[in-house]
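There's a structure below that I have some questions on.
Chains here go by letter, A, B, C and D, matching the order in which they are written, and residues are numbered from 1 within each.
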Amino acid sequence: MILEFSTYPIGSGESLSEAVADVVDIVEQSGLPHQTHAMGTVVEGEWDELMDLVKQCHFALRKKHARVATRIAIDDRAGAKNRLTGKLDSIEKRLGRKIRR
Amino acid sequence: MILEFSTYPIGSGESLSEAVADVVDIVEQSGLPHQTHAMGTVVEGEWDELMDLVKQCHFALRKKHARVATRIAIDDRAGAKNRLTGKLDSIEKRLGRKIRR
Amino acid sequence: MILEFSTYPIGSGESLSEAVADVVDIVEQSGLPHQTHAMGTVVEGEWDELMDLVKQCHFALRKKHARVATRIAIDDRAGAKNRLTGKLDSIEKRLGRKIRR
Amino acid sequence: MILEFSTYPIGSGESLSEAVADVVDIVEQSGLPHQTHAMGTVVEGEWDELMDLVKQCHFALRKKHARVATRIAIDDRAGAKNRLTGKLDSIEKRLGRKIRR
């Protein structure tokens, strides 16, 4: 399944880049296929490994900050694999051209 | 912490009320403080018990449907308790009147 | 259609109750059917009036704060009316009992 | 400001690639800076032009489908420009290495 998430402190200053850098560092260490975009990170895997990863990221921030907001979106489709790029490949196939990804 | 979530099948017909009824039934059995609104359910508890609950709901639907979308929002604030109603009490105190909840 | 939204400042202190009170005040003045829960507000109406309302709330906060996050979820179903309570009535009918709402 | 969104039909079959291709096509025609990932599209611009775009995408699907779900997340920071890549550049600067984007 594919999981997209973002996690950041509320009330600890406007800049979130330090927090997001911490999160990306943890995601990279997980070894799971992932991609970071301007509003969050998309990761592919099974429920437990994905949720363990989000939990680790959430609490890495909560150790440093008194309030943390975490958002998660899951798309779980039977038999779907390599969806991180596969979903976009399907779009390009339909459109008959490359898209900005 | 407070967790809001919604989980529903994609591509299994327009009506989602059977799926949502299944989910609410599972939430009620958890014994956790909760409230269901027109776009999801809000539950209060600790990370693991909340995530176990969402997982149970998600897979109850995935057993019946080939594609399921699940959305989660978490608000985790140090020392915050009874936030399901407490957050709204704070708003009413500020406004000096009851709000529609 | 039904729209759920939340809007709050990032980096202006941990407490969000003043900002949320401002938002609820604006929603009440819109006259649209609505309900506020611990993680956001649900409103029913047509696209333009709903989006005008969210815009008004978003910029009421941006006038006071340098960074604002706004989240919106829309459920738009042909011919659906009075869904703020109607969706929950359907669940209760299926379950054969009242739910916590 | 940066806006991330996804919009898709509920109950019109499991595959969403035709709907997403329609949406990406409309986004490309807007001429706004954008990037599509596996869970949605990120676009940069001002409130009105961004919301006009999301509305156009939403109703392109509603013309074809009886129920459509649309999700939007906005990050609006005073004076912030070129954030589509700028936010990720900041993360890379902090980490001292390229990230998967």
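Note that in this section contacts are C-beta pairs under 8 Å (C-beta built on N, C-alpha and C of every residue); 3 or more make two chains touch, one makes a residue touch a chain.
Source: prediction; values computed, not measured.
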Chain whose mean Cα position lies farthest from chain D: B
More contacts between chains, B-C or A-C: B-C
Inter-chain centre distance, chain B versus chain C - centres from mean C-alpha coordinates, in Å: 15
Distance between the centres, which are taken as Cα means, of chain C and chain A, whole angstrom: 25
Numbers and ranges of chain D residues touching at least 2 other chains: 14, 66-67, 69, 71, 73, 75, 77
Residue numbers on chain C that touch chain D, as the complex places them: 47, 51, 55, 58-59, 62, 66-78
Interface residues, chain C side, partner chain B - complex: 2, 4, 6, 14, 17-18, 20-21, 24-25, 28, 34-40, 42, 71, 73, 75, 77, 83-85, 87-88, 90-91, 94-95, 99-101
Residues of chain D that touch chain B when the two form their complex: 8, 10-16, 66-67, 69, 71
